């Protein structure tokens, strides 16, 4: 079977495997206080155009990063606004609620939160004379790219930032697939994200690492005691350098960006191929995922050879499917798929 | 510097590094549902003499394992009894309390909880007419070996089990250093532990793995929905096979036991050498850690060349120190230390 | 101003005030373990046709009752299904999430959860191969009457019970306005509710009491340690007999039912009067609340003399309003309102 | 039986019962936003010599006040330092831990926390290179009078304040028995407490009220969103004026202080009588509680007629007992007890 179903099945990029072995007997500090992690922090701050006081912390996974950040930065009576489709709202077994915080969903068709919707949500809250009976919106959680493969434009992010400023809302980006988002033509760049967000994380697990997400806290006052929060959530890896080494490799010479561009180029080829075969798309998803709409018979035929998800039924005879490329998708898999698509349509 | 300060500085045993790389492009299931993890589960169940319905789950670290297990298995109004010195009580930044559960400390001089102390604690609770105003003891947490290097005898574990049965208390062993405990002559074996405990975890991080702890739930009814709990606590690794592979290697042919025995043999040599040099010990610690009492001048001299902790002051001129061996301590480090000890005493 | 805006402004029924004073220097037990509370429990069990092993607990308010019940009876990985309009989802400042549990909202137009919607929610959960990544539906929360004044029929409650049985879901009714619901012609009776639900609470605050809700747990195994949970949530009143006395008075001779019937009769008069004046209604609300749709000018005129809420805009020139009667609404207030309505329409 | 066992058995002072009835049909605001509550706030601020920006909030009970305050004012990674004997540590079924915060107990023989002990606790925390692995002390909880009947001197409170300032620790006084503490000769006065503490609560339940505690937040920045926290913890009473009325009566003309002085004068008589009969005391408890040490035979004899607790065994033949007076203890009960004591010793 050829896999297009997921961007986190393979292990790690080869450039990471070697130093993971090569440093095996180094006697470095534990709990993330080691030279590899320090270098990785510096590389990331530099790529973000952030100063030395910005926090960079390496955690093992996305749900862990989300729950740790959200719990740490909210006040008890505050909640986190999210698209109803947001990962924290639907696919983390209530990890955020397990910390005592409420997710405040805003209906979303394509995975994005519009600035106007956020503005309206906040305005309604503060207009309510009895607002103490409802959860105060204290943070905005958005994913970029979203769970639906869509991406925010720079203008959209700026508009959200502006609402966040108006209502003292912390702006948090879950960038589990950040590399792929950055590789989209015309998309906001890493320095934009770092400048606009209070906190975000740079996904490693889906973009070349064996595991690991780099949480970046751009406002120093939010960062001060964050290591306590990491430990408190069971998220402080004893041999923290295993995380540091991976991000050191990914960010030392731009490997993170390079492998992401390749994955998006392959997804672009798939998108063009689908469009040329006359397929429509469920979402305008420009990064490493695409959601073409196919007749059920075609889906069935293709799934004999390719693994991918039926995402959503769109008519009696058609469904949208999700295809994902990743840093390790071979070119020939794309060739094969497009060829089989053309043959069977 | 030669390190005796810690058993989790080095990376992973060489036998683990190779398959971590070798399986890099396998297309296995995610979230721990892969063949490596399944094989590791089988090896562990076999080593424990447990049937197929016992749960085996791979988590990334000890604090994560403790908080996930304790939260999952207690009822809200119940707390977990622990030695006052227990890791959950003093070194996890309140991770257990962060889940809403109270740690109920029992004073302990050597890190162990005596059956009589547990009996007394439970009896007092149930004798109280107003017991609803206090937290019900619902779980016993003990570490084996303890944070003070001491180990439970089989008789002690059986006595604790008996109190647990009497008061419907879940018996949970934090075995972050399990291998070293098993290697002690006359110590309870893995099958004893599996038979006596409701749940325990087999430490990987300190015993040859890069990271990872294997939580074993011996009572199927406690295991049923534990994967939900893992996800809810941010503890489900996307590429879960990275954990599975490590335990597969450690338990396929007894590597876990073998490397532990070697570490304890080295600690035995250190213990004998210290005793022959006339040193006393703070605790009767028979596994991979020892706590000799040294004059301050000697400590200062030895710390020029060796890294180890001053653990506790015992008189105006002496302190107990902690020396740890591990699976990767070279023989010559022990030789050097003993020689320098003899030369400076 | 004449109030139709709320059913909890006045103090307590006169029959309650006297014994609250009269028993002032009794030396009864504290924390709810007193003779008044015991008698109140017996009266309630009798009214419910429940045996002595059913739990009856007196708490101070609705949010407190909801959060204590939901936290106590769910497993950590479970959440509580609610209408999106449910009080716990929108008007309790995240009290349920503060206990670590997620509210799982089902869209609702009229405040009710349909059995088919619950069935579909549960079926989807268990059909998901990755269901461990989502919160398991462990409880159904419905309010009766709902926040929109609507009421469940006996058939609807039975249909929900049947889905709850199928998926092992605990059925919990928030009956803050129970008396008014019971007074509706043809409505399910208290014995029906007690037979069908695992747990519910009988609202006192809105139905004659100064404060207080009686939580009834019909399944003894859910009740066993509930007093621990009450204390743990700060909900155990020291002088618990103050709650007991109120429910003793309300349930000794049927006062609770009698004052509720009167309130609903007054609401019926309001409903008839509105209908006769040609007004339509937003919801089919048969108990002590009604939601007539009025032209904005009429609303403005009436609000000069009467307090009531504009509930929801329904067109450019009309809004639905909410009118509430209660146990202490004077007959003449209804007369006056209807007369002014006729005069101004 | 004559009761000396408890200071919260009787209902409310007569002056409170009348207005509770007399205001029954007032149409005041709900949720604590009414004129009675506002007047009570003003009276309390005046008695505390606090300005209008200080927060005053009425809650139903002590555990509820403790858990709401502690959760609201701490950051997630912070805990609350308490005497090991503190009510939050031993008698609230883990209500504080249920909010995710850890109680950090300091051993105490007499119920008090010494400034030196707090200083040492904080100094040790910040001296620890790995302090992120332990809970940061963020609040000091002390009770005044303590659970052991002891009271802080003004010098002791000032010394604690000074340590709190040094380490940015919030100083919180649980004053469930405040009136009795204020009535002790030479004790810190209410203005001292208000000046020295960041937050404290004035106990009503044990000092004349039917129920209710007045939380006073002296630092406005801590008060800003506290009403959200109250609602979130299920602690916002619908008919909040029932609490307001009680504190209005207690603080309008000094009734709170007057009834407390009387109770302490009665306790003084009991203390003198015990001392004259040759009894020693377990603690130096100067307020409304005393802990005389009696031969077991005497205890048994007195308990035939009087209700009081055996508190702690002090020798093979003697125990300390706890005697409590309260605002409603009749003079003749004290006369009778002293007479029976003299007759039986």
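Which chain is which? They are A, B, C and D, in the order written, and residues in each are numbered from 1.
Just so it is clear, contacts are C-beta pairs under 8 Å (C-beta built on N, C-alpha and C of every residue); 3 or more make two chains touch, one makes a residue touch a chain.
What you see is a predicted model, and the numbers here were worked out from it, not measured in a lab.
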Other chains in touch with both chain A and chain D: B, C
Field: Identity of the chain that, by mean CA position, is farthest from chain B
entry: C
- line: chain A to chain B, mean C-alpha position gap in Å, rounds to 34
Field: Distance from chain C to chain B - Cα centre to Cα centre, in angstrom
entry: 50
Statement: Cα centre of chain B to Cα centre of chain D, whole Å, reads 42
- prompt: Do you know which chain C residues sit against two or more other chains?
  reply: 76-77, 92-94, 98-100, 132-133, 228, 231-232, 236
- request: Name, in rising order, each residue of chain D that touches chain B in their complex.
  value: 76-77, 79, 90-94, 97-103, 132-135
Field: Contact footprint of chain A on chain B as seen in their complex
entry: 1, 3, 6, 8-12, 14, 17, 20-21, 23-28, 30, 60-68, 92-95, 98-99, 205-206, 210-211, 228, 231-239, 242, 328
- prompt: Which residues, counting only chain D, touch chain A once they are in their complex?
  reply: 31, 71-72, 75-77, 99-100, 130, 132-133, 135-136, 225, 227-232, 236
